[in-house]
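The block underneath contains the structure these notes are about, expressed in structure tokens.
Labels A, B, C, D, E and F are assigned to the chains in the order they are written; within every chain, residues are numbered from 1.
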Amino acid sequence: MSLREIIQMVLVLTIVTAVCAGGLAAVKMVTAERIEYQQIKFIKEPALKRILPDFDNDPISDRIQIVTGKDSHGRELKTTFFLAKQGGEVVSLAFESSSPGYSGPVGVMIAIDPKADTLQAVAVTIQSETPGLGTRIADDPNFPAQFAKKPLSSNFNLTSAGGVIGAISGATVSSNAVSTAVSRGVETYQAVKPRLGL
Amino acid sequence: MQEYLLMIVAAMFINNIVLIRFMGNCPVVGVTSSFESAVGMGAAVVFVATMAGTTCWIIQRTILDVLGIEYLQTLVFILVIAALVQFVEIVMQKVAPPLYRALGIFLPLITTNCMVFGVAVLNIKEDHSFMETLVFSLASAVGFGLVLVFMAGLRERMDATGRVPRPLKGVPITLITAGMMGLSFAGLLGMV
Amino acid sequence: MAARIVAEFTKGFWKEIAPLRFALGICPALAVSTKVESALGMGMAVVFVLCMSNVLISAVRNFVPDKVRIAVFISIIATGVVIVELVMQAYFYPLFLVLGIWIPLIVVNCIVLGRAEAFARKNPVILSLSDGLGMGLGFTLSLVVISSLREILGAGSWLGMMVMPEGYPGFGFLLRPPGAFVIFGLILGAMNVISAKIEKKTV
Amino acid sequence: MKTPEFVVSTLPHVHSGNSVRRMMLHLIIALVPAVAAATLVFGPAALRVAAVAMVSAVFWDAVLQKLFNRRLAIDDLSAAAGGLILAMLLPAYMPWWVVALGTLVMLLLGKHVYGGLGCNPFNGVLIAYVALLLSYPEHVNNWPVPTSDLMMTQNSPLMELKENGAAYLADTFPWQHLFLGSTLITGAIGEISKVAVLAGGLFLILRRQISWTIPVSYLAGLSGFASIFWLLDPDTYASPLFHLLAGGSLLTAFFIATDWTTSPVTRCGMALFGLTCGVLTVAIRMWSQWPEGAYFSVFMLSMLTPAFDKIRPRVFGSNFKQ
Amino acid sequence: MQRGKLRGGIQFSCPPTGLNSPFEAVPPPPAAIVPLQQDQGGACVPRVKKNDPVRVGQLIGESPTPHGASIHAPVSGKVAELIKHFPTLNGPAAPAVVIESDGLATPADPPAEEESLAALGAAGVVDFDRLTVPLAAKLEAAAARRVTTLIVNALDIEPLLSSRGRLLLEQTPEITEGIAAIRKRLDLRRVILTVDARAGEAIAAARAAWGDSVEILPLKNRYPQAVDVLLVKRALNREVPFAQGVRIADIGAVVLDVESLAAVGRGRPLVERFLTVAGREGHVKNIRVAIGTPIRAVLEHCGIRPEAGGKIIAGGPMSGTAAAGPELPVTKEVAGITVQGPREVVAPVEAVCIKCGLCVDACPMGLMPFLLSGFSEKGMLAQARAYDLFACIECGCCAYQCPVRIPMVHFIRFAKRRLSDRGGGS
Amino acid sequence: MEPVLTAVLTVGAIGMAAGLILGVAAKLFYVHVDPRINEVADMLPGANCGACGFAGCTDLAAAIVQGNAPANACKAASDALAQRIGAMLGISVGTLERRVAQIFCQGDAARAQRRFLYLGIRDCRAAELVSGGDKACRYGCLGLGTCVQACYFDALRMGPDGLPLVDASRCTGCGNCQAICPRHIPRLIPVSQKAAAFCGSHDPGKEVKEICEVGCIACGLCKKVCPEKAVEIDRFLAVVDPATCTGCGLCFEKCPTHIIQAVVLSREAEKKAA
């Protein structure tokens, strides 16, 4: 193995990986906007439709992004708030929160009435729980209904943890993921509420 | 301490990477025809998966996250794994030739073993700390190795005292048996 | 040459159909074959990655030193996979949601690197393309067969349309991974029987 | 050409007369009390499930033997016996087609793909049971109230434990009822009367069809492990007596874990197998999503049967010191 | 009673009728066929030519080794033929001498009294164990290892046979002589008699003859306790180490059966056998018969007619060797004669082991017979060896119990042969 | 453009690091492996039949490359393949005529006597252990098909009369059948051989006559009639010398038991005979 061969190895690998990465970055740049739009469209919109009260604007366009904290590596975490308006008045604002479930993160969309400080409704956006078991957090309408119309000051934990939410039997982990996500979301909301300018 | 114990049990058995997450099936089918090769492959995977899991975690946290290029995760991880496997192969061939003869034939297979890559990705997805990454990778790989060894045991007995129909011999019956092993693990659903 | 191109293309459909003939790439075949729809999506993704990697690897085959061969090949493959991932997110989002982690896992699908090693690095671009297309479509075919059986028997539908009589209760076992193993194994057994019959006839 | 007159073969030239058919017949006879008890409690529906299971099992066995090009051997009664055991794990009001599908799965995946009787690494009954449980939970976990009204269902004792904890178990299910079987409790056909199952099991042991090692070690493992938790916290955890008498513990001890093919053959292997199955049964009952862990535990641990059998008996003359 | 415990084995419940049936003499045959290989010591060299006159006890085949057993004429008359390839009981063909009897039974001159071991061989005495070994060779090995314990075995190999128990009763003086002769050659400190507990008369006779000089150990019937290594365990509670080249003599004991001892005691060349003949259901007879008598003649004398499709077994039904036909002569290797009708023949079946474990329970050696036979069937010979294939004593208990009737002993033999062939080859 | 630059620089750096590590490792831990071993292994049939005496094809490939085995050591490889291997390694390979297996016993169920009814394992080697095999002839085929099972190339099957049949088009001449048969009845002959005496019995004619209708009785007529002197009687058995036999067929007529016959290798002829 001569030095020349080693240099050739290093060179080839460097060039190939760099070119690959460059190509990918280009693809990423081209698709970024579209991906964001798709994510909102397919994940957020159905959930938004389900949980927001009547509105006369397009909440997807009327969205604001706010820095809501920092992650463990000091990078900014941003949360998108979707505003539902009626006659120009914000009647509800929705945002997403998540927590680890049984197999993978569980995301929930939370709608809050900013005037009454109540939680209007909750819907599961993403989940990859065990079919027939954990998926009941999304399929069984009775479960998210427990959150509706509760004041923000409620304890959204499971009953076993002293809260007000009854777990789905056999799917405690998934239920807990939802209730944790909601609790976290409410916390976040309380923290950034002043900055929302409502 | 307790959560690590729980994590070990969960990764080894309850959420066994092969039988519950269904990753790493090729070696379960391919290298379990003898007990020795199952043990060899298992050992090789334990080593590589642990190294790869921790290395990938470090790269993700110190480079990809910091620079905001998470979308390159797939490219970088697999590059790391491929280089790592080859590095191990080169070193082992020189330093421990007997070990190389025993494990060497399995090493190239590991690059394309989805279990190694899967564990690296799962560590990030499930937001493990470094220690958790180490423990999870090791325990998952050991769980994988155990399945290999159990399967080799079942196959040895089938070989000696069974009479599998000719068209189903080898890969087909091993697949079905793996399916049955997975089916039995349904009993652990909901633990943890 | 034309004959060889055709031969390299067609071998992927029976003689070397993956993953049925080689026990490689089993995991995705099992994971995404609950529905024909996702099987097709996965198959197309693999076709793209396989063709792209085969072509690129074949093109650069003479410049790559042996010791970094695998690393280079796998980088090229990974690039293809990420492109698929991004494009799928941008244009086929529902499919992306179904296939989930199995898209990035194409990178370790043994078939892709297997073709790079066994074929593309020894053959010219055009043959490699033909090989990649054939193997990829063969892989898709396998997935479609497995997923058709699973979807029809397990859920009573095919590509989402009900094909079984009204009131068919389904058989959820087949929709779970163990059912996939069983179907996979039984199909392999059936192929062995058919192959043996064909061979007997031709000799 | 002179035809040869006499037979020559290797020793031995005599045989005990034991046969698979005889073993299976014993098994069927041993299950009669349990079926009778279930019929008393549930009415003819229990008998019907048992009959459907046996008949369909024999039918599938014949079909599959044809398909796999094997000698037709339904007269060894193995399919009938397997079907009957499967019926023991099912509720009395199972639709007939679910039962028949179960026996098909049992004979295909638990017998014929592996080459026939004795080649399967996993017990066909358990494969079928879990496949049905995952596919038709509404039928498999549909425990009828043992009265005339077929539509009502209630919690089996183990479901009660899972959902409502151990506090009132002793009041809800007096042990005499659990042991003898009564209309107070519900469950699968073979889980109704423990005394009937015990009688069948003892019959098998006394007739030397099964050895006592697995039943004894299984029940020891089960009650031992249950005792640990019960002693720590009797309010949360059920008593070992409850674990012994509820659900399929006894059925498993005598009829499932002892399945010749999938259990170890050495004494030590059997003891370890039984013990670990017993422990795992309780663990699944306590911590998993399923109320009953007996069947899962045996299913899972048959994976280890070849490993358990590596603990061989001591070879004569191998303990010498030189 | 017993001193060491055995595992496994089989307790047969057949009644000991043969113990009460005295030996009947079978008349000498018109033509005796005497194979020149009748033990493990190799083929003897013919010492007669065609048409030579011979007398009873005359040397006709001389052992090629110093401690081997020679072969003597069982009848008087003349040599009718020297056959080159005569099929023996166990397969390979050996030379044989056919002697036309003159019916006179003229005895040859008695051999000179001699106390060397070789004299036993010259008298053609063998140890009638499952492997017929020249007695001189066995005793020579015992002497070399300073054996001090003699186990006199009056247990029959298996329950249906009873000739040894009966011989103990009828020939106590000869056996006494035989023990005395062994005492002269070995420095014996202990003599133990193992005998069927049901042979009350014989035990009484032995006690009367020997008093305290012999420990008498009556044993409950349990097949295959009469196999020498197991008998040593029973009598001395010592296990013969299972390892290459280790023999019973290494733990200071030697097992000799009463028939060999009686032959030694008689001091004449060995030309006759004391055997049990068993037909169907309780038709059991003890006979004394000249070596070389065709089995057919023996059966005729006993009134047993073998049927086509049945089996003629040299030995008992558990451990005997099936004979190709009734023309085979009685030799030193024949341990008894059992005849089965076609219905009694056990046909091995092309079936698969169901892993019931009955064979594991039955094996007296602590083996895993189902695995051994499976390994043999699939050619997994290395595993078979690793599972102590060579410890198998081929007692047949496993196959007796097997509900699917796998010919396990055949498989085990097959594996042993393939392994030893391979060992010899490379 | 900045994100692209980040990606290129980062991943390029990782790639460079990987390349450097591998390069340095390859230098530090250099081990010479002969690449030709894999090439030869690729060329071999890959049946791993073991007839060459090595533990599989790869083992043999290593031996060939290292000069421990000749290039034509693979019994299953065609001559042309051996030549190609030789050419690749630059060694000369002697040509060997292709050989095929033929069955040297004609004693089927109707024409050869059996001594007893054998019950036991369906394997000729095992049958031989029971009283020396049931065939009265010590050289005769036991008919349980062990050779058929031993052929890796599916070239043998059991004929209707209980004797194995060879499909010469598939037979590679590996000799496994000959080695495994307890009586060595399948024997390899050169494909060019025209005639052979299909019997293996070295017993004297009188003994053979008693037990088999189609055994060589060593009458010597074939030897007498052969114009080329191609037939020898070796210990009571006729043997044809392939080098001198012209296949004139004079001996076929004369042989009273018709054991000396033309060698027929084509499949159609074999079918006709069956």
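Following the convention adopted for this analysis, a contact is a pair of C-beta atoms (placed from the backbone, for glycine too) under 8 Å apart; a residue touches a chain by one contact, two chains touch by 3 or more.
A quick note: this is a predicted structure, and the numbers were derived from the prediction, not measured.
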**OP:** Would you kindly count the fewest steps from chain B to chain F, each step being a jump to a chain that touches the current one?
**Re:** 1
**OP:** Among all other chains, pick the one whose mean CA position is farthest from the mean CA position of chain C.
**Re:** E
Subject >> Of all other chains, the one whose Cα centre sits farthest from chain A >> reply: E
**OP:** Could you tell me which pair, D-F or A-B, is linked by more C-beta pairs in contact?
**Re:** D-F
Original post:
Taking each chain's centre as the mean position of its Cα atoms, how many Å separate chain A from chain C?
Top reply: 33
Subject >> Mean-CA-position distance for chain D and chain C (Å) >> reply: 41
Subject >> Gap in Å, rounded to a whole number, between the CA centres of chain C and chain B >> reply: 22
**OP:** Indicate the residues of chain A shared as contacts by at least two other chains.
**Re:** 5, 9, 12-13, 16-17, 20-21, 24-25, 28, 132-133, 170-171
**OP:** Send over the residues of chain D in touch with two or more other chains.
**Re:** 4-10, 109, 113, 115-116, 118-119, 131, 134, 289, 309
**OP:** Quick one: which residues in chain C touch 2 or more of the other chains?
**Re:** 67-68, 71, 75, 78-79, 82, 86, 172, 178, 182, 185-186, 189
**OP:** Would you tell me which residues of chain B are touching chain D in their complex?
**Re:** 150, 153-154, 156-158, 161-165, 168, 173, 176-177, 180-181, 183-191
Original post:
Mind pulling up the chain B residues that touch chain A in the complex?
Top reply: 15, 61, 65-66, 68-69, 71-72, 75, 79, 125-127, 189-190, 192
**OP:** Give every residue of chain B touching chain C within the complex, in rising order.
**Re:** 22-26, 29-30, 71-75, 78-79, 82-83, 85-86, 90, 108-109, 111-114, 116-118, 121, 125, 165-168, 171-176, 178-180, 182-183, 186
Subject >> Partner chain E, residues of chain B touching it in the complex >> reply: 156, 159-163
Original post:
Hey, which residues of chain B end up touching chain F in the complex?
Top reply: 59, 63-64, 67-69, 72, 75-76, 79-80, 83, 86-87, 90-91, 93-95
